[in-house]
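So, here's a batch of structures to check.
Shared chain: chain A. Partners: chain B in the first complex, chain C in the second.
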Partner chain A sequence: MKFQLHSGCVEQSWPWFAILNFGILIDPLAAVMLCMVSFVSFLIHVYSVGYMSHDHAKPRYFAETALFTTAMLGVVLSDNILQFFIFWELVGLCSYLLIGFWYRKPTAAAAAKKAFLVTRVGDVLFLAGIIILYLNIRDFQIPDEAYLLQFQTMFAAIGHIPPGQLTIITLLFFGGAIGKSGQFPLHIWLPDAMEGPTTVSALIHAATMVTAGVYLVARTFPIFLASPDALTVVAYIGGFTAIFAATMGLVMNDIKRVLAYSTVSQLGYMMLALGTGIVIGAEVVGVSMFHLISHAFFKALLFLCAGSVIHGLGLQDLRQMGGAFSKMKITAITMLIASLALTGIPPTAGFFSKDAIIEGTYAYGVHTGSMVLYALGIIAALLTSIYTYRLWFMAFTGKPRTNYHAHESPPSMTVPLIILAILALVFGLVAHGAFGGFLEHTYSEHLIEDAAAIGGHHLATEHAHPPTILFYMPIIVGVLGFVISWLIYSKRVINMSSIVSKRNPIYNLLLNRYYQQKIYIEFIAITIVYRVLAMLGEFIDRRIIDGIIDGISYVIITIGEFIRRIQTGVVQHYAAFVVAGVVVLIILLQGGIL
Partner chain B sequence: MSLPLISLMIVIPLIGAIIAFISKTRNQARYAAIIASIIPLLITVKMYFQLDPSKMWVVESYDWIPLAGIKYAVGVDGISMPLILLANIVIPLTILFAFGETKQTSKFYGLLLLEQVGVLGVFSSLDFFMFYIFWEVTLIPMYFLISIWGGPRKNYAAIKFFIYTHVASLVMLLGIFSLYFTALAKTGVPSFDIAYLIGMYSGFDPAIKDIIFFALLFGFLVKMPAVPFHTWLPDAHVEAPTAGSVVLAALLLKMGGYGLFRVMLPMLPNTTNTSMIITVVAIIAVVSIVYGAFLALAQKDLKKMVAYSSISHMGYVTLGFVSLVPLSVTGAMYQQFSHGLITCILFMSCGIIQHGAHTRIINDLGGLVKKMPKLTFLMLGGFLASLGLPGMSGFIAEFTILAGAVTTLYVYVLIAVFGGIAVTAAYHLWAIQRAMFGVFNEKLGDVHDMARYEMISMAILLLLVIYFGIKPDLVWDVMHAGANIVLAGANI
Partner chain C sequence: MNYSPLIPELIVVLTGLIVVFFGLFLPLRVKKGLGCISALALIASIVYILKSGVLSTSERAGIYFYEAYAIDSLSQFFKLVFLAVSLIVVIASIKRYEDNKYQDEYYGLLLFATFGMMIVASSNDLVTLFIGFELASMSTYVLAGFDKTNPKSLEAAMKYFIIGSVSSAIMLFGLSLLYGVTGTTNIEGISAYVAVNGIADASGIAILVFLIAGFAFKMALVPFHMWAPDTYEGAPTMISAMLAAGSKKMGFVAAFKVFIVALIALRLDLQSVFFILAIITMTYGNVVAISQKSIKRMLAYSSVAQAGYIAMAFVIMTPLAMGAGMLYILSHAFMKSGAFIAVGAVTHMLWTRNKNVENADYLKNFAGLSQRAPYTAFAMLIFVFALAGIPPTAGFVSKFFLFSSAIQAGYIALVVVAILNSALSLYYYARLVKYMYVLPPAGETLKEPRAYLLAMLVAIIAIFAIGIYPAPFLDWAMNAAATIGM
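Let's look at the complex of A and B:
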């Protein structure tokens, strides 16, 4: 089979070195990302002019964000997996630099390192995947004008890769996606990444870079389709992450950390959507990307609103805020719109995109007989709604809990907010019909059918649609969450003090983020890797390997010291030795021994 | 009649060294040094574009001691040319970096130039006898660099460096003589010609084959250095002056790798038990990569950490060599070149920190970026290159080595990937976080940023690292041609 580019797609490649090439591929999938990345990046740069106006390191800030945008566009436009990896690492570099933007703050420097290293674990898997892919396709007959690691070569070679190897490759690729997109169990870097400026969180850790993992799975979707085991893993990791992160979002008090967990959770939805492709087929690329784009708009908006709140109030802790609505009307209203979108209330963009995902999980459930993913999706949606409105009510309603001087942000900040709010409102209405159809042209039907056949499953042509009550379920839980939060945080008819208490083990578990930080940092990184392995190596090196060398030299020196005693410097001694030697020689000669 | 370019390239730094030694003033010495070290670079650039890397480009060959078959023969090809280029980039930049040296300057610059002579001689010799002489020539200036300009335990480090590597050289010399005499006994023609002797090797008696192979291999592995023959390196680096460390890590270690490609690679398929040797060397390579990385993580002294990172990175060279796959072998050569550039930045950073903060213990530093923003920028660039960030030369080398070697050494490659790469990133970033970022440690007192000549030197290196990470073909193609020749000669 040969990978056919649809008309209108652009692909240009140049040889780089050895067997590798550099190339640009613009197909519908890339085009959608291209528009989103450059548009969101532009708005955030405008917003940054206001937000960063008091910072002395503005040149460095804009240099690094611009470099980031370049690298991100490089990821989007890559036509081969190695180039994808190269830019993928470069966005990681920019993320590292920007999280640690205020590097004199020890927590920022530590968070930057942590982000890089945790994603690096994923990147190692990704790199191993590329290397094993190379191992399997290196003998593949490449068509003219094509190169070995290009996506099209990879897709054309799917049938030539043994299924077991294919599963390994796809799982390793997904390992990279887990790291970059903050999926369980490598999500722990993303909340800490909030140490960077809020604009960076909006750009890199909400809208663009963290979606690169989802984009990777979408980009290589045919090989995932050909290895159903891997795709099942994608679905369950995604579904689990969606609900797992949402639970932690419920208890966070830092306005940005709530949003960070929300991002992790929503990225889980995108992965979940891709995972259901085992039943639905390539359509899920459209579903997932639709949520990716609408999420980019409303989550960037949420972060920018949070930035505006931080900028206007000088506070970041939700417990100190309250009653800011009257002082910051634009911020409050745009943030409410973003919250509506995040919680899937019609007619916002989030409604259409999340609904499509949950519908997909329903079809998946009907087909496989397990409604677990559907249930995860619904419960996560309820939790999302609770924590989202908790944030909004705590920040904007009630009375101020501390004395602060609030002011609305300058127009360079509010205008991007308004633009993004409009998009979060209308994007779904405008695009929900056309979006999937547009993305369907990313992969030819031929390719998808073949890949599914290699994976040993037939794609259902007709999907089960949920019955009416289940169909409205996402909206119902969205509204329910709003009501719960309203009762707790605005009306205060439910007293939370018994739940929000250090004595409550569940609350403690959530507040301590399931103790994952402790396990990863203190147990794995510090204890096992550093204290045990590295220090053991140091001991072996100093005491044993070098000890042997020093031991040899000690022995030689000792022998030398001993023999030196013969060299007394007294001529009579030497004469005596000579005479003794001569006598011995004569005896030996006489005895016929020599 | 064209100029004897290679001989000129070797002789000019020698003349420069003599001028430096007899010069009366510091200025005279350092300007003589910089000029004498740059001229070989110009010659190299001229040769580089005339070179046909697919064959040995013999420039000169004269009989020296005809009775013993010893010749003065120098030449370059795709294997040696990039390393000659590297040497002629690194030495001038090292001299520029060390422009502020005040202690016994005439000797200091003279010794650095002698290193250049020795290294260029090793990389261009076509005769084993000459090869060995130049190999030993590199030892002596380094011994003095460590023992005169070194740190507190300089005498221990210098003597350890000298004896350890000298013993290895002697073992190598035994290997060379065994090659020579066995070939002499077979044909009756005395010759030290490297290519000729290697060609004769396949016809040798199996009993002598192993001895020769392991003797030479030992000599080269100690120089690399490969675990478990590496313990001289951290001690030497810790005590050596910055310029000495730079030359040691960037050039002297590369001689070991060069020996692998030039001498061992054609012999490897003709040994008595090739698969066993490949297994052993692959294990040494992977252990060097992983063990070196973990040890780097354990270090408290920044410079010692960098020294261990060299061991880890040179493990990739061994791995690429032993895979016998063209892609990997070329990648391993590229790693030599790339590591030569990157490690300079790392050791120079250590030197500036030592000079400015008077300590290199990572935990005693902290927040240096406040006082040393320029250094932090360049150092971060070097550290990122060293941890294999794409867009820098190290990534190209490591990726090609791993991708090529996975076809023959599947398990070893996976161990290297999973055991080495993440830890490599960890020790680099952890060190730079503790040393440079965070709150400035006021106990360090008044810390100055780097001097201008230091900055220029490091900036050029960083630009080269980025250039060769984006556009490798200038060097890659030459190496690839060289690797193909040597692999074809080995009948693989």
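Let's look at the complex of A and C:
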């Protein structure tokens, strides 16, 4: 596969007004995202024609998804951080609208609110990062035509920022990325976002919103590279999220929720990949983006398959499904392909992309002497494999657990499935070589070296290749997971009822999702924010500020009523005012009062 | 000598003469065409000015008639403002006065008024300036009383005329003093004289105050504004639009020429006077606007307040402030004329249903307008939001540049007052929106006249063009500011 190289970059910036420039930048990084976002969005739109055919709010649906895609493309094409932020916010708004698409359903409305508020936390951090960055570089001398907040100019200026500030800026940027990409601890909105139509889940979890966070880190990678502390945080948060979310994926019964946790977990992998850049350098952008793209394909496929299952069976709970294989052959097979890709079985796209990440963590381990990240990656891969095949076996094999009438979905839905399945199968084979090389040209070599020098660390020139057994580790755990799931969920050799019981504390912990509901909602949101902060704010607002405002408005309205009477309607008075005005002004000026 | 830069003026005045002349002979049913001809003439002038390229340079394009008349980007910028307002008014009037047998005189007077304003914009001499001022004033005195069966209209014209005459007298006194001191009426000549010989404190202050009083009458700065609410309310709504959006700006361009070019030596006095006037004007306008029942009157006070914002440019006196002030003038022309035309549309619709509706422009008649006349209501929504300064409208960028220029120049207190005032103004703008969109309709659905909609559409397009991509407009404004030595 041939890509146009660096000379083919498109870069154009127009001054808009004040310090706002509006520009587009198409470099390899943007080009890759551009292709993926528009392609996956296109397929999802086509699929939606069938999926949403019974919905009365179709116009609103397509308007909102189109706006969502626009916003995402705007993020991808932005050439400066401020414009990036504007579209970033627009993505957030659209996600709110789409998650709450069925706004009459209380759970959907609540999920939309939750997504909006939680990502807002990240957005505020991101904005704070931009402001601190601007304050640090605003005195930096730049050529006349250049624009300070443009990425290239910004990267040239990072050497002038004190290291402490730089770490704060990058961590704040990462805060934004955490919010959008559903990383721990701001991941809680993502599983709830399943309340929207399944197509929206596919759009949010595969092609658009969640990748924005990864894209932000990739886009500003030189800044991250210049502050190794922040990059280490990125790596560990990513690794932790990968395994943390995978454990919860094991026990979810809602087909879409399993996939949601899987998304969180896979995004963790991407962040993990970027985090290893501290050792490997800019190559990780390629590795991470490769996983992002292949994930986009197979995760969109998984969601669309899930949508097809929901559409065909009318069920969403895995415990009620079973044996749908014979009724929905296309869906079942495409979903199996997607599962193979997700679990990294060769020759699917997921194999190449996940393998590259785990190899990176190994190199990181050799370089730093800590194999924690590698272990996280491998264990998460095993868990991924288990929950993925659990889903597939529970839905498609065995006997139906309830009575339902299954039918295969219409062609407008199955055709996108087939296209995505082909891509999930062959994309890795075709692209894995060219991809990294293509993306390497996003940042010039000396920019990366400079950034690393600012960060005060050396990039490893030779990559440590893991020994053969470790090299095959991802495949081994992938297959292992398949076997475990097959034994448990298809052959049922182990009686799950002893494990799946309320008395098992681990199962309980996972099923209750580590009691996040209690921690986030009941403790943080309700107790701290609502009971303490909001009530305090309410008291101040109502008693003090409102009092002042009411007082002022009362005074102003009273004054207005009073002054109105000056306007007598008698023209002689008006003339008198003109003359009086002249006299008063002359007296004031002559008397030196003014 | 190349007289082609004068073509816009010639088009306007010749069309005015043609309209008046042929109007004498034409039967009523074809007189509507005269409005169309006037509109076409205005469009031709606008296109000519835009095409001539004078706006994008700060060089003077020509000087005529013994240095009494100059064409530069300042003059063309203001001509654009006057012509645009005139165009919007004419388009809406085609419907409003389609059955009026004096409509030829109406269009003629409108064009003469526009011509007078254009003269002021180009004047390089006090006498030319005064003549232009008076031509525009005389024409608008008559226009304000054009609905002669309506006593309110006559009252409006009468008050406007009396206060206008008093102000003209004061202004003329100031001009004659200026001539007496400097011995010339040429604006650049005065500037050169003052630069060499200075100007005595006592006479300088008298001249300054008299001229401020004269110009502030047009600008409607407090306390010289008192005619404005009565006149805007009583005059035909189209003419209120013309006065508030167009002829008000004549005061500003005269002030730019006389104060900034000729009397820049008095800048400290000028700044302190305008500091007081700006603050009083914006506060007074906004506070009183809150308690108005009539929308026209509310818009009149809002227009007083807006003049207060624009007057900030004379306090700050930096190039950016001048440019921002001019951008504000351009934006305000569209926002305010649009808002008045929207009110005109509502009153027109009510009158077509029932001739005897009294106080048609009162707030209560706007209840539920979004259901009765959705396009008009939506246009009105845009206009009031623009006036309040909400992005992405022209009102936002104008305020943004003006206020940020004030902050750059260190006038923090002034900006705080201005921003508080903007917040205050949102109250009465939002109240109108509440009436239109939240309250139940006050009657059945109305048929929205197309000419009005077209006029509003022109204003809306301009408002969003400036609001979304202000750079070229700000360039023009900065060029205009550069021609007066900023």
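Here are a few things to note about the model shown:
Here is the rule we use: the second predicted complex is superposed on the first by the 530 of 594 C-alpha atoms of A that agree within 3 Å, B and C clash if a C-alpha of one lies under 4 Å from a C-alpha of the other, contacts with A are read in each partner's own complex, and residues count from 1 in each chain.
Criterion: a contact is a pair of C-beta atoms (placed from the backbone, for glycine too) under 8 Å apart; a residue touches a chain by one contact, two chains touch by 3 or more.
The shown structure was predicted, so the numbers you read here are calculated from the model rather than taken from an experiment.
In the superposition on chain A, A:Lys256 makes contact with neither chain B nor chain C. Judged by the touch definition given at the top, the superposed model places A:Phe17 against both chain B and chain C. When the shared chain is aligned, chain B comes close enough to touch A:Tyr103, but chain C does not. Within the superposed three-chain model, A:Lys180 lies out of touch with both chain B and chain C [touch as defined at top].
When the shared chain is aligned, no partner comes close enough to touch A:Arg513: not chain B, not chain C.
By the document's definition of touching, neither partner reaches A:Arg219: not chain B, not chain C.
Of the two partner chains, neither chain B nor chain C is touched by A:His311.
Contact comparison for chain A: of chain B and chain C, B touches the greater number of residues. Residues 16-18, 553 of chain A lie at the contact with chain B in one complex and at the contact with chain C in the other. Contact residues on chain B toward chain A in their complex (touch as defined above): 160, 163-164, 227-228, 230-232, 291, 294-295, 297-299, 327, 330, 367, 369-370, 384, 389-391, 395-396, 399-400, 402-403, 406-407, 410, 413-414, 417-418, 421-423, 425-426, 429-430, 433, 436-440, 472-473, 476-477, 480. Those residues of chain C whose C-beta lies close enough to touch chain A in the complex are 158-159, 162-163, 166-167, 170, 201-202, 205-206, 208-210, 212-213, 217, 223-224, 226-227, 229-230, 269, 272-273, 276, 284, 287-291, 397, 400-401, 404, 424, 427, 469-471, 474. Residues 16-19, 82, 85-87, 89-90, 93, 96, 100, 103-106, 109-110, 112-113, 116-117, 120-121, 123-124, 127-128, 130-132, 134-135, 138, 525, 529-530, 533-535, 537-538, 541, 545-546, 549, 553 of chain A touch chain B in their complex. In the complex of the two chains, the chain A residues touching chain C come out as 15-18, 553, 556-557, 559-561, 563-564, 566-567, 569, 571, 573-575, 577-582, 585-586, 588-590, 594.
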